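In what follows, structures are represented as structure tokens.
Okay, so chain A shows up in both of these, paired with chain B first and chain C after.
This part shows the complex of A and B:
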């Protein structure tokens, strides 16, 4: 399955996901590096389970929690908690090639006291937007693999 | 070789576990530093530890310090993992006692060769520890025959640790792996054995005495 095939298919079947206007495939390619994900094919287990599906499940569960933690921490101005959650989400996103989310998390992690609450709020909003898009793509990959 | 992973991120932990198992290592996974510390204090503790720096509770740096302060015969080889880039993090990690360091997301080939280096060093350390132990045992044998031994100036018996006077031969046998083969030196032959033989010979009746 090529990346374009995947993203076109995903756009057709998931209008409810917050896909950005304009070039959907362009945003998708920024959001998810399928080569990173496909590299795990080499590590597939002999027990018949699909490691990539397992990793996507773990990520989707984790990412939802982390994004929620980041949002709550930003509202409560708990910067330590926010940075910690952003750090964790950056790590797991980087591992699966969820690039855009990893980039935003890195920006959040590097925020300091001089950054305005508005700037942080904007970044959190962007994170939620990008995370939802990446999660939709991952869910599509998962669905495709399960046949 | 046994490896323990301490990683609170489920995705990273699963990837790491899968990679290591694929490369033939026996893997124990833990979710935080406290659990990893307990595993590493066990009787058959893993010899290689891959620790995430940022974890709830005991973090990777603190765990490194604890492991270096413990008196393990062969301390574990520690590889630290972090998602934070920067020299200061590397310096902190190495100062805390880590042997190596990788930044996430890492290249799996790089991880593989770094783990191999760790395995090689552990093997060398284990061999070295075994050799030191052998030498210590050998040194103990040597020490048993060192120091001042009270010996009788006349009969040459030695007073042992229990305050008994013991024959030199049995004392040395008890305190070393030496064995004795008995013979007579030329000096003793001249001064002791020869006179005795002559005395014996002289005390015999002459053959001519029985001739009649």
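This part shows the complex of A and C:
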């Protein structure tokens, strides 16, 4: 099932910003902890830049690559590569408050040879879904900050 | 000549080596380093950091991610602690692992500080202040 199908009719804004599961309206969601993200305000430098927007941009680019690496590693049953990519994505996701993605990455990291390929494939699919939702929320935060 | 020495020493005191393959983390750490009026020298992985350290020891501190391609943070710490010209530089390890053993291994290898992810901005700031503070005191002692 595609992300679009899963989020179909989620809310009226979904055409502009697909919303992650569990969100009611706006940017509130259990996929993204805005308090964690907003805490970075205090690190803002007085140089006219917006640290949170910069972090979101870097995260969106990096997360897309990591999720793609995880998907490819899963298909190729390259577990070491999969765990490494999951580890990296867990770190940056946790620090920006992208909770669900961090949790799924943690589960992928803890997978071992006894886990079935189907179980891993299901987790990877869930990761893709949650990551797409979180990325849409981050894009919405970014858009709001840029006014 | 004397003023050149002072300028060189001041510049040395401001450089911090950062090695992390995560661009979000590199940017965060760099921001804090700038707040402390220091300059970040960036490496995208452990091998790049190793190459920098082979030819440059003028750092006030070093900050390494534990898990990086080619060379891990722990390998870099061991290398730095085995080199006379690098052994006094304080090192902070950042890790997405909450494993106590990894923390113990880091300190055993010679890390000055250990920061587990996820961390809050305050935790990162205070860890950085501690690291840079320990750097200046060790340089004073030298």
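Definition applied: the second predicted complex is superposed on the first by the 121 of 147 C-alpha atoms of A that agree within 3 Å, B and C clash if a C-alpha of one lies under 4 Å from a C-alpha of the other, contacts with A are read in each partner's own complex, and residues count from 1 in each chain.
As a working rule, a contact is a pair of C-beta atoms (placed from the backbone, for glycine too) under 8 Å apart; a residue touches a chain by one contact, two chains touch by 3 or more.
Worth saying up front: this structure is predicted, and the values here are computed from it rather than measured.
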{"item": "Touching partner for A:51 - first (chain B), second (chain C), both, neither", "value": "both"}
{"item": "Partner chain(s) touched by A:80 [first = chain B, second = chain C, both, neither]", "value": "neither"}
{"item": "Contacts of A:146 with chain B and chain C, given as first, second, both or neither", "value": "neither"}
{"item": "Chain A residues contacted in one complex by chain B, in the other by chain C", "value": "36, 39-40, 43, 45, 51, 54-55, 58-59, 61-62, 84, 87-88, 90-92, 94-96"}
{"item": "Interfacial residue positions of chain A with respect to chain B in the complex", "value": "36, 39-40, 43, 45, 51, 54-55, 58-59, 61-62, 84, 87-88, 90-92, 94-96, 109"}
{"item": "Of chain A, residues touching chain C in the complex", "value": "36, 39-40, 42-43, 45, 51, 54-55, 58-59, 61-62, 84, 87-88, 90-92, 94-96, 102"}
{"item": "Partner chain A, residues of chain B touching it in the complex", "value": "8-12, 14-15, 18-19, 22, 54, 83-84, 104-105, 108"}
{"item": "Chain C - residues contacting chain A, complex", "value": "21-25, 27-28, 31-32, 34-35, 65, 67, 96, 117-122, 125"}
